[in-house]
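We just call them A, B, C and D in the order they show up, numbering each chain from 1.
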Amino acid sequence: MDFVAELTLFVLAIFLGVELITKVPPTLHTPLMSGSNAISGITLVGALIAAGSDAGLLVKVLGFIAVVLATINVIGGFMVTNRMLAMFKRK
Amino acid sequence: MDFVAELTLFVLAIFLGVELITKVPPTLHTPLMSGSNAISGITLVGALIAAGSDAGLLVKVLGFIAVVLATINVIGGFMVTNRMLAMFKRK
Amino acid sequence: MQISQNWIDIAYLIAAVLFVLGIKGLTKPKTAVRGNMLAGAGMAVACVVTLLHRDIVSYEVIIAGILVGGIIGVLLAKKVQMTAMPQLVALLNGFGGGASFSVAAAEFFRGGHPDTVGIIATGAAVLIGAVTFTGSFVAFAKLQELIDGKPMGFPGMKAANAVLLLGSIVAIAYLVSNPGSPTVFWGLAIAAALLGILLVMPIGGADMPVVIALLNSYSGVAASAAGFVMGNSALIITGSLVGASGLILTQIMCKAMNRSLTNVLFGVMAEGGETIDQDEVYAGKIKSTSADEVAMLLETAQRVVIVPGFGLAMAQAQHAVRELADTLEANGVEVEYAIHPVAGRMPGHMNVLLAEAEVSYDKLKDMDTINPTFEQTDVAIVLGANDVTNPMAREDKGSPIYGMPILNVDKAKTVVVVKRSLSAGFAGLPNPLFAKDNTLMLFGDGKGAVVDITAALKEG
Amino acid sequence: MQISQNWIDIAYLIAAVLFVLGIKGLTKPKTAVRGNMLAGAGMAVACVVTLLHRDIVSYEVIIAGILVGGIIGVLLAKKVQMTAMPQLVALLNGFGGGASFSVAAAEFFRGGHPDTVGIIATGAAVLIGAVTFTGSFVAFAKLQELIDGKPMGFPGMKAANAVLLLGSIVAIAYLVSNPGSPTVFWGLAIAAALLGILLVMPIGGADMPVVIALLNSYSGVAASAAGFVMGNSALIITGSLVGASGLILTQIMCKAMNRSLTNVLFGVMAEGGETIDQDEVYAGKIKSTSADEVAMLLETAQRVVIVPGFGLAMAQAQHAVRELADTLEANGVEVEYAIHPVAGRMPGHMNVLLAEAEVSYDKLKDMDTINPTFEQTDVAIVLGANDVTNPMAREDKGSPIYGMPILNVDKAKTVVVVKRSLSAGFAGLPNPLFAKDNTLMLFGDGKGAVVDITAALKEG
């Protein structure tokens, strides 16, 4: 994909992100925060590629660190969001 | 741009379009309709390329028709929207 | 001068952003004018930069086309009456669909070697473009009363539609394996054109605004398909933006009429069978009145609500009404206007008209606000409105308009209905309101009647 | 097994759609759980398909990393106390920033021949990733009370920040012309890490949730920048999605606190100078009470409002409170809870706690609903709340919390404040409410005090 196409995706996604969040009741601020925090762990995708490539020790180490950190972010984020939301559910 | 990139743009733009329109007061239904109608005249861009290319008479004719129709759509649409909105303006 | 595709694409991105901001702006009263400007600027950016595209080798045809189209566009936009706005939008929309169709056709006959995606996209652009084109013209004809506004159809119509749609899809599939067949191409075009006519024919004139909004959404999708044909990001993004937002607008409009989209598109025919006898509703129960009598009523009133409808537009009575209201207010009467969301022939129709007559914005009350106040209203003056006050929508489950929210004018102490005759409104139904005990009919042209009342008031 | 980039990109598109639906779902109470699931599914799709990427030649490091990270993640999510949620989110967010930083670093040291865009993107990912990493850890430390929650700074701090930021930009510019310099790279990393620390240090602990939301937005932008480095559409789309939505969420949170974002980020230090003498406010005006006395008050009450605050969470008194409310209701008293949007230490903190104790949802009233009812309230029980009831926010223009909307408990006939001492709340301010004529202080641990009141009620 060329740079302009990437830029176009970037801009469209920013607009979409802005429009998605309109009125959120305060109760949901924390879960929304932790949930979108988990989503920003998408960097795990980049980490996987870095860790799985065949390019020297330093890169492997950095890749490993990236995978560990991103996985904590993703797994921890989604689970904790779920835990919080479970508390709101009406019995 | 490859097909998947195009598809990605398509999907993101659809989501964005859905999110953009939320609550519109009935007063603005008609201007919004004529305004987005004018925007859909973007096909003028394709018409220009078709009409300006060097590919035989049939293509030129089709291109000419396309330019005429799209231009009516664009110019008429924006102008009439503007005229309508001018009526709402508080003096 | 020609520039690299990269810069063109960046300009397209800027145009897309302007369109997004434009559409967003158009959804709020405060920002609507600016939104329209931004969208126009986006279009200018997209067009100007396209002229630098490497495929463009000559400009004669382009210039001729823009001149012809531009002049027609300006004339249409300047000359059209406000009351004819829905027709105009239908017409413009049809042109947009026709343009997408022509672009796809031109691309087809240019005879490159498109891949499967390209062929399918061409087929989609042709199909949707042609449906939009002919469908919009039927909508135009119905609104302009060139053809009857009533739902029209024939037995087996649904089957015919299904055959046309299936045939179109088969034709596209055929083109995928045999990309060069003009016969199949034109066959597809004709089938799609027919489909557009048959889809809109059975829809009643009153539902045309919704149909136009839907066709507008189609024309966006057609533009997007044309974008896939040409590999043009501006068309893809902008087309799908309009396609999606148009669909949502369609749904919002349906909601305002308390109808579902399926009901609008396919429902009317089913319910059309029942006809109600007008005589049965009206016979012996209609009380006619005069301008002087109405003026006397108004002299003792404390609160008056004016209920404008399509007849106000027909009679061009907006200025006369404002003068009546001014006179009443000078007498210490409280005057408000009840604006039904679908009064008139397009959304916001009444707002446009009354704004033209410089009626102050805060006196225009929407349905939900004004309905609870009718019980404290001494006189409700129904001015060329009919369907939007029809109590059958509230009470008669068999009625075609059952479920549409209405203005509860019959709750007012006295109702004065100004219209020329007992003939029906857009929906073609008799209105039991006219036969109620507290209703007085003032027959005559809307403008004349209002002027007479004002005069009588000033004398008395 | 390896598949073509096309299919990977389509999978990324599906993941992006799932993220969009997920975020949208998370904004509404009814759909929040499903939204979180959808987002999780999107992440699974994106990760699984990435494992088939052609650049991945060995899986040992990946598996090891996922195992280590997964175990830590699960443990953190399961073990954390609900009260410690803000800290945890800060921590997780820091990890995300660190990951983006590491990805960009790995890509840098892989030593391809990136173009200008690639280098700038690498620089941006390093800069923003490192700021997010260290900034989040400072936020974590403040919330966990590892360091003082008060705004901290030194003269010339703003200048230092400006130098660090400028230095980082110069370093990136240098890398554009000399892409291979590890020294400059690490210099950039260190400057960015310092910048993160210095930016968060001067912000008060009470504003940490906003800071975390902002840093969350940054971590999205960092991921997006990493996407530009690797040419990966999933990272670009998803990162910017989170970046933008995080920024909007930040603004919404600021609004709920009636603050501007600039005020949160830079404002506190300016106003920190003023200190208010606690003695002056309280001396001789505090009336202490006992559980028995409160029970007697409650026996004759008709309407009681419970105002929970951070102290409720500290004392784990939610179940005790519910029992008190049950007892009161059995006596025919009307009981409601007043939920301030920033009561506790995170948005929705009180809702979570009371939901845990199975307090019925409709008894939790938000600020705007309950405030007008305090005048008809016989007893308001303030339970470990402080800042959210501080009348200075309403009355004292010089106060650091001036303008924050508060619960008007002082309008109730009698106010009972349960807390352990006269010490201040999160904002570090004395509370004139405690000195009012109609206020009674019940000193003691929140849970114990409530249990005592309930017991006395049952006896009486």
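Criterion: a residue touches a chain if its C-beta (ideal position, glycine included) is under 8 Å from a C-beta of that chain, and two chains touch if they have at least 3 such contacts.
The shown structure was predicted, so the numbers you read here are calculated from the model rather than taken from an experiment.
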{"item": "Touching both chain B and chain C (chains)", "value": "A"}
{"item": "Result of counting contacting C-beta pairs for B-D and A-D, higher pair", "value": "A-D"}
{"item": "Interchain centroid distance [CA atoms averaged], chain C/chain D, Å", "value": "47"}
{"item": "Whole-Å gap between the CA centroids of chain A and chain D", "value": "17"}
{"item": "Interchain centroid distance [CA atoms averaged], chain A/chain B, Å", "value": "35"}
{"item": "Centroid distance [mean C-alpha coordinates] between chain D and chain B, Å", "value": "43"}
{"item": "Overlap residues in chain A, where contacts from two or more other chains coincide", "value": "1-3, 5, 8-9, 11-13, 15-16, 20, 22"}
{"item": "Residue list for chain D, restricted to those that touch at least two other chains", "value": "9, 16, 20, 233, 237"}
{"item": "Interchain contacts, given as pairs of chains that touch", "value": "A-B, A-C, A-D, B-C, B-D"}
{"item": "Complex interface listing, chain A residues touching chain D", "value": "1, 3, 6, 9-11, 13-18, 20-56, 58-60, 62-91"}
{"item": "Touching residues (chain side chain A, partner chain B) in the complex", "value": "1-2, 5, 8-9, 12-13, 15-16, 19-20, 22"}
{"item": "Chain C contact footprint on chain A (complex, rising order)", "value": "2-5, 7-8, 11-12, 15"}
{"item": "Residues of chain D that touch chain A when the two form their complex", "value": "9, 16, 19-20, 22-24, 26-29, 32-33, 35-37, 39-40, 42-43, 46-47, 50-51, 53, 55-59, 61-62, 64-66, 68-70, 72-74, 76-78, 80, 82, 85-86, 88-89, 92-93, 95-96, 98-100, 102-103, 105-107, 109-111, 117, 209, 212-213, 216, 219-220, 222-224, 226-249, 252-253, 256, 341-342, 346-349, 351-352, 355-356, 358, 361, 366"}
{"item": "Chain C residues within the chain A interface of the complex", "value": "6, 9-10, 13, 16-17, 20, 233, 237"}
